[in-house]
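You will see chain A twice below: alongside chain B first, and alongside chain C after that.
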Partner chain A sequence: MTIRRAVSRAIAGIAMPLLLLAAWSLIAREGWLPDQILPAPGVVLATLKEFIASGDLQDATLISLERVAKGFAAGAVAGLGFGAAIGLSPRLNRLFGPTFLGLAQVPLLAWMPVLILLVGIDEGLKVILIGIATFIPVVLNVAQGFRDVPPALREVGAVLLFDPWSMLTQIVLPAAVPSIFTGLREGLANAWQTVIAVEVFASSEGLGYLMAWGRQLFQLDLVLAVVVVLGVIGFALNWGLARLERRLDRWQVRPA
Partner chain B sequence: MFALEITGVDRTFHVAGKPVPALRDISLSIREGEFVAIVGGSGCGKSTLLRLILGLDRPDRGEVRVGGQPVRGPGLDRGIVFQEHRLLPWLTAETNVAAALRRSGLDSAQRRQRVAEYLDLVGLTAFAKAWPAQLSGGMAQRVAIARALVNRPRFLLLDEPLGALDALTRLRLQAELARIVRHGGTTALLVTHDVDEAVFLADRLVVMQPHPGRISDVLTVDPAARRDRSSAVFLRVRDKVLGMLGVETEAVRAGAYETAA
Partner chain C sequence: MKRVLPLLVPLVALAVWEAAARLSHVSHELLPPPEKVAYRLWDGFAHGGMTGDLAASLLRELSGFVIGATGGVALGLLLGLSRPACRLLGPLFLGYRQVALFAWVPLLSMWFGGGEQGKVAFIALAAMAPSAVNTWRGTSALPHSYIELSRVLMFRPLDYVRFVALPGALPAILTGLRSSLIAAWLATVGAELFLDVAPGLGGRMNEGRETFQMDLVLASVVLLGLLGLTFSRLAVAAEKSLLKRRAA
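Showing the complex of A and B:
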């Protein structure tokens, strides 16, 4: 029963990609779009194999992943701390909340000219931008999650004479877990998008650079190959975080 | 000595800038070991009164004393069961009960033993490892009762504890509540709008009226009434209280109790 359900779910999930792949093959075979714009799936696969064989794809992927890891870690840690602070303390929220919300409205790429002047165009710039991209959704969601702890449960803590530490670890944090993870997942998605953006703009390595390079050479097969890699990695990262959340939230009885 | 003394308590809330008196001149004393029920319609301030006793709120005037000491805040000498079970959803039945012992001063072996004892008292030993979401409403409420009692409080406060349960579960838990409270000899204060429940459980009934919340009557329940819900004496007390709350039963209208009362 559960196996059948899992199989049918997997089929439902894979149906759409297969359909897109079929449409892609059809369009390429019938020549509805020029080869330079939409190379056939087989060509993209061949390019993918070629770049894996030469090691270029792995190198680029590792460089991009490392940047994401650094920026995301910094943004997430800072975001958790700051989000918790303004979520828990109305006073700190009054003090920092409006400024943060104002700055959060500034599009990420608008920071680039200023940051380039401040830190140059090297590794620091990329990590800082990825960090900001992570920081903003993490702060927004964490603060909301901390504010939204049901007052009825806080009251239970008060009645049981919980000290601030017990209140935090037994009531506030567990109640905020879903919001924290929403923030982390949004932050990770942002980080992943940002690394590509900054690499397209200002880098000589990484997956974003590979894409920019492919576009300049009119090698759309390379661009599409990188798109496939990006999709797979993004999906895998999101899946990993979702699994971690499930472990922490195992008390939630989910429909089987 | 009185376990609880409330003297001349007023409490006013401000809703949209306007003062709304929730409690006016409440005085009530409860003896050690007594089971008192407060009945009244919605808006009569009965939950506000419980919050004052719990120490989650302060009176504007008057005083609340528990065991002779003025209430300054929550304390482990008062256990509470709310209408919603309010179990922490991320803790199991067992760890929810154990959470109440964090400030008890007991060592971990004593805690384990105490938790087991009270889960057994409410008949949920087999569900010790279950999450609240896996328990029925009645079972979750029984865990909440165990949590309220595990510190062996002087006072058990019950804020419409069975109000959210289905009728059958409620009847079953009323009997169990009677057993559990008598077992520990705890002083209990039950707030309810279910007059049957109040008559069945309490030694004394306090009738409250709304706008502003005040005590209109206090009556002692004949122990004979508690033994049988369908006995004449039970029905007479119940109908009398319902009458005080503005609900006339057919029997009262027909004058069935005229001679008896």
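Showing the complex of A and C:
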């Protein structure tokens, strides 16, 4: 019964995409829309195969992922440090919190013209922008996580006469793990969004650039092929993070 | 002392910035002193057409937001309230969500052009997803007993939406609308920076970057930040007053 239900659910789930694909094929075959507006699915697939065979797609993917890795690592480390500092110390929070929140209101892409003037449009621009994209959600969530440690848990530590270090490592940190993880996940999602944005607009390599290039040549098949690749990578990222989160969930400290 | 503390960091930062601009050899085009940026902002509004840019950007954002958020709430209601629709469209929508937002810019600019239509289409797309996700989550989390009760009361489906689903899911929907507003603002800046030149704050920033006028770029950043702050303040206030009315 449950298997049958799962199968019927899966069929319902792919029915709509298949229907869209059929409509798309029909439109392309009958020539209702010009190729520059909507190339046939077969053409998109052929382009995808061609770019995989030539290795261009893999190269572009690696470049984009490398940028994400660098920017995310920098932003996450800085964000963990700063978030922990303002989360643990009310005084530091009063000092730096409002300034941080104020700066965080600026839409991320608005920093791009500033950074272009300051550091040019090379690798530094991308890594810094991706770093900021990661930093903001990490700080917000980490600080919240440290602030929201259940008082009951702190009291346990106080009763057991924990020194500040044990308090931090045995009580505060484990209790803040879910928030820290949420911050890192949002940071990674932001980093991934940002790398595509920067590459579409100011790059000569990477997946985003491949799309911008396809658009300039009026090759929508290339643009759509990259959309497919981005979907697959996005799915893999989310799936991996969801698995990791389930594993971490066992860790979570719940106040009684 | 408590009141002064938050001002300390910005004041020190301003002082360092001022000192750096005056004492270093970096040209004022690249490192303008703070008062030059402030003057530029004031001058922009007084003589420089900044008001027109601001109005153009806001109008663009609001049109995209209204289209996108309306579509998003409608889609979310459909996904959350109708099981067949959820089975059919849910996976498709989740699949769409996997693709990074800015990947749609090249596609949309081919379909709608890089002018006003393309920009608003992109802003609407950006605003759609957060509203849809939150409305979906909020309506599907409603207790099953509500549906049973409305069956007993013989509500028509539209009555159920109006009297039960919408008020019941209001907190989630409002959260979605707030995220949509922020997403639309980001998309507005992105669209203005990257699509065809048109009046607007993003275009003004581009002009500043191309002509090496850092004071203009920074003045725009300050303005964009203030607007972002205003948006989130307004959204929170609207949310509070709506929820209060619901409770009453």
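What to note about this one:
Going forward, the second predicted complex is superposed on the first by the 215 of 256 C-alpha atoms of A that agree within 3 Å, B and C clash if a C-alpha of one lies under 4 Å from a C-alpha of the other, contacts with A are read in each partner's own complex, and residues count from 1 in each chain.
The rule is simple: a residue touches a chain if its C-beta (ideal position, glycine included) is under 8 Å from a C-beta of that chain, and two chains touch if they have at least 3 such contacts.
Every value quoted in this text rests on a predicted model; they were computed, and no experiment measured them.
After overlaying the two complexes on the shared chain, residue contacts for A:M211 are found with chain C alone; chain B is out of touch.
Between chain B and chain C, C contacts the larger number of chain A residues.
With both structures placed on the common chain, the touch criterion links A:Q144 to neither chain B nor chain C. Of the two partner chains placed by superposition, only chain B is touched by A:L160; chain C is not. Of the two partner chains, chain C is the only one touched by A:L103; chain B is not. With both structures placed on the common chain, the touch criterion links A:P174 to chain B but leaves chain C unconnected.
In the superposed model, A:I14 makes contact with chain C only, not with chain B. When the two complexes are overlaid on their common chain A, residue A:G231 makes contact with chain C while staying clear of chain B. Overlap of the chain B and chain C interfaces on chain A: none, as no residue is touched by both. Of all residues in chain B, only 54, 56, 74-76, 78, 80, 82, 84, 86, 88-91, 99-100, 102-103, 131-134 touch chain A in the complex they form.
Taken together, the chain A residues at the contact with chain C in this complex read 9, 12-17, 20, 36-37, 91, 94-99, 102-103, 105-114, 116-118, 192-193, 195-197, 200-201, 208, 211-212, 214-215, 218, 220, 223-224, 226-227, 230-232, 234-235, 238.
Interface residues of chain A facing chain B in the complex, by the touch rule stated above, are 152-153, 155-156, 158-163, 166, 170-171, 174-175, 177, 249, 251-253.
The touching residues of chain C, when paired with chain A in their complex, are 2, 5-6, 8-10, 13, 30, 84, 87-92, 95, 97-107, 109-111, 185-186, 188-190, 193-194, 202, 205-206, 208-209, 212, 214, 217-218, 220-221, 224-226, 228-229, 232.
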